[in-house]
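Common to both upcoming complexes is subunit A, partnered first by subunit B, then by subunit C.
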Partner chain A sequence: MNLDLAIWALAALSTLAIFSILYRENPVYRLFEHIFIGLATGYGISILWTQVLLPNWWTPMAGDGKWPWIFALVVGLMFYTIYTPRYAWMSRLLMATLMGMSAGIFFQGFARLYIPQLAASFLPLVQPEPPYVLFRNLVIVVTIVTVMTYFFFSFEHRSKVVRGSASLGRWLLMIAFGAIFGSTVMARMALLTYRIWYLLQGRPEIGT
Partner chain B sequence: MLALKILLGFAAGIAFLGLLDRFTNTRSRRLLMVSFTFLGGLFYLLEFVIPPGTGFLGWQAPNPARDNFLSPLIEQIGQVVLVIGGFAFGLGLLNLAALHGRTLLRGRPGWVNSLAFFVAMVGMTVAGLFQANSPTLRTVHRLLFEGLYQPLGASVFSILAFFITTAAYRAFRIRSGEATLMMAAAFIVMMAQVPMGMMLTDWLPTQGWLAYFRIEQVSDWLMTVLNMAALRAVGFGIGIGGLAMSLRVWLSLEKGTYFGKEM
Partner chain C sequence: MSDAITERPEVTAQRRQSRIIYAILAGLMAIFLLFELKLPFLVGPQARGLYEAVEKVPAQKPILLVLNWAPGTYGENYPQTEALIQHFFLARKPFAIFGIDPVGPSLGQEIAARQAERLGRTYGVDWVNIGYRPLQLPMILGMTRDLPGTLKRDAQGTELATLPLMRGVHSARDLGMIIDVTPSATLDIWIQYFHGAVGTPVGYAPTAVMAPEAYPYLQSKQIVGMLAGIKGAAEYAALLQQRPDASLAWKYPPMRAMNAVSIAHVLIVVLIVLGNYQYFTRHRRREEQA
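== the complex of A and B ==
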């Protein structure tokens, strides 16, 4: 049997099986959903081995003779002590260490990402910029300040200025969420259009 | 010889863990956890705050103009963490296998689905790992990847278009000022991406100040100015919250699953 034809038939069947949920819950949808989870897990395993463990761990250890890499496996096995109450503390030790490292990485990330962004956000609001640039800068500065005020929960919004600013921030946030929503819908629509086009285009030429 | 070294290293590592369990009590384990957490975070903090070009006991970075003596270790530590994190994948695998294994062995309703899960997982794993050595497995991998995995993934995400539309319909039925504003912004962005929407303002000139009112221009302005600024503000909030959270984790002030439990 031609491989391209088999792939096309399977892909069409998969697409129809998933779309069947739009009618109602059914066993065919459930079956293909489980197949998808199984395939995704299997794909994850093969990618983990071929792109992470093989080049970064197995090859240096077994190929280049760097035997101390075996200790990474011993440390990795500490994750699995979570299943035994007596040794479970070891998995927490490992998790806590990784979380401490993540905290350190976050410090670096904050300083490298947010601080330059913060400095770049407070744009000039006076001449000699052209009027349309001044307007854009004003919108950016006002949006950032008011939205941040809306998310400021350290004290109660009692003052009129703070209340007004937070309220404006909420309105501006709604526009932003609307824009994100619209663009997300269109991205999903593009995927849907492609799936329908795939079903309608007919089977591929045999032998190509 | 290498295999022996690896085996001995593995045995020594396991023995060390056994000794660690034997000779530590609740208090010392907590101290160990707090110290490891602190040192893990301290390394990255020091690497960031120590000025470039700083050395330690003659230890210098290959590029002193940009790095300090700790910088070269970043990549190596990253590789170790990547490998150790990779071993955690098995935890998820064990959970899935236990869940579907129980359903399958006890013949519970839906056992056929669990069987399909195992067949798909084993098939994809074997085909993915050994496809380089066997033309048959390469064919099987193509069949599974292009015939099932890719279309299933795309279809699952594409049906979200229907769910998102019904959710929007329910949300927009709440007739408030905010909902109207949100709907108007969504409408402009969606219309700007389809030819029919662009036709609405096609009569406006492409040059001059009136061009700013063309739907694609308004949509672009919404996305690149207003949306960018609002998301940046949200990002700053997340950043400050994350920084506070990181400090709490780093200094082991956090209470919860990993920090407040008896060890």
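== the complex of A and C ==
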């Protein structure tokens, strides 16, 4: 039997077993679900060893004589002291170091991520731009202002202007959520399309 | 002995309706996948932006193709990756595959090796596969300053510095672009530590679920373009077909897949209208009976 065909047949069987949940809950679906989780975990561990730990830690330490790499193992094992109250301070020491380092790095990254977006939201509304650009800018500015009004909880929304702005902001949020949900539907349909393609074609080379 | 729970008749009817809908959906998709039935199609500015940005990358600066996807999102990220890799090979843009997901680089290796063989491109010169590294911020920061020193070897264990493609690459400044193909929220990393720090252009190819979150980055020009799910892959394929040197071969043709997805959307819209009609007519009938 051709190996490619055997692989295709096994994958097709797995797909149909997982899709069987659409008919009703059944033991075949449960079996293949557990196989999938086991395979994914096993594959992840295997890749972690062969592509990360073996070339970057074990080979330099055991093969190239760079013995200080043993301290990486000691430091790594210190995380597990969290399970013994007497030595748990060791794990807290590591966590505090990691949290401090991450906070510092993220603070720098935060500015790089959001300051350009803040700057980009200051858009011209009366410049000599084409009308469609001005309209687009107006939509962006109105959306920012009204949505921010909606999320302003420091005082009660009594004024008609504030209430109206917050209400418009809520409507605009709903439109955005609708667009996001539409994208989610597209993503799910795309995944289903591929599995149907796989079942129908069995991995051929076809030009568009 | 039977401990089966007896369903209410309306639940059984709903379950039956769901099964009929699933069957119609699968049948329609199969028809549109088997036969090339073309639906109206437009290329958006996001895909065009990414395509044009890739075209502008200098030939001596490799592109870092970050593949952070696994078989769970094969239907979207595979055609995106296949479209991008074919573009790199056709336009003679050297690239390096890299991933912070264990499976992504292996899947990219399969596509790149197949396309390289077909188009006569050489490993080490036109492309390399650096492989998987776990996501650690010190590693990301190290990549921006000393890329070959931080990543050291490719997926086969060869020293990166010895590969012709990587000879001119010392830091993130020497990369022509970074393109993140992903179903996860990894875009921020490349914007914060590559685009924000050293100005490396960033492209994005997410699943459709992730795409709406990236539009602010497009507007602020923090990313040069985006392929939103299968639609983005189909748009990119349409742009590739317009090339005079277009020699394309797809394992999973994105335009045909997009047609199947479009017809599924039409079906969903029709079902929403029918469902609402049924709901309101039932509601009115109950009111009349009351």
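Worth a mention:
The criterion applied here is as follows: the second predicted complex is superposed on the first by the 174 of 208 C-alpha atoms of A that agree within 3 Å, B and C clash if a C-alpha of one lies under 4 Å from a C-alpha of the other, contacts with A are read in each partner's own complex, and residues count from 1 in each chain.
In this text, a residue touches a chain if its C-beta (ideal position, glycine included) is under 8 Å from a C-beta of that chain, and two chains touch if they have at least 3 such contacts.
Keep in mind that this is a model prediction, so the values were computed, not measured.
With both complexes placed on chain A, subunit A has more residues touched by B than by the other of subunit B and subunit C. By the touch criterion defined above, A:117 reaches both subunit B and subunit C. Judged by the touch definition given at the top, the superposed model places A:173 against subunit B, while subunit C stays out of reach.
When both complexes are overlaid on chain A, the residue A:90 reaches subunit B alone and has no touch with subunit C. In the superposition on chain A, A:72 contacts subunit B only, with no contact to subunit C.
In the overlay built on the shared chain, the residue A:200 is in contact with subunit C alone; subunit B does not reach it.
Legend: residue contacts after superposition of the two complexes on their common chain; A:151 is shown touching subunit B, with no touch to subunit C. Shared-chain residue A:23: touches subunit C; no touch with subunit B. When the two complexes are overlaid on their common chain A, residue A:143 makes contact with subunit B while staying clear of subunit C.
In the superposed pair of complexes, A:15 makes contact with subunit B only, with no contact to subunit C.
Comparing which residues of subunit A touch subunit B with which touch subunit C, the overlap comprises 22, 40, 43-44, 47-48, 52, 56, 101-102, 105, 108, 110, 113, 117, 140, 176, 179-180, 183-186, 189, 191-192, 194-195. For subunit A in complex with subunit C, the residues that touch the partner chain are 22-24, 40, 43-44, 47-48, 51-52, 55-56, 101-102, 105, 108-110, 112-113, 116-117, 119-120, 140, 176, 179-180, 183-187, 189-197, 200-201, 203-208. Subunit B contributes residues 2, 5-6, 9-10, 13-14, 16-17, 20-21, 29, 32-33, 36-45, 47-48, 77, 79-91, 93-94, 96, 110, 112-114, 116-125, 127-129, 139, 142-162, 164-165, 168, 177-179, 181-190, 193, 212, 219, 222-223, 225-237, 239, 242-243, 245-247, 249-250, 252, 257-259, 261, 263 to its touches with subunit A in the complex. Residues 3, 6-12, 14-15, 18-19, 21-22, 30-50, 52-53, 56-57, 61-62, 65, 67-80, 82, 86-87, 89-90, 92-108, 110-111, 113-114, 117-118, 121, 132, 136, 139-141, 143-145, 147-148, 151, 169-186, 188-189, 191-192, 194-195, 198 of subunit A are the ones touching subunit B in the complex.
Against subunit A, in their complex, subunit C makes its touches with residues 15, 18-19, 22, 25-26, 29-30, 33-34, 70, 72-76, 78, 102-103, 106, 131-134, 137-138, 141, 152-153, 155, 157, 188, 191-193, 195-197, 207-209, 211-212, 216-217, 219-222, 228-231, 237, 241, 248-257, 260-261, 264-265, 268.
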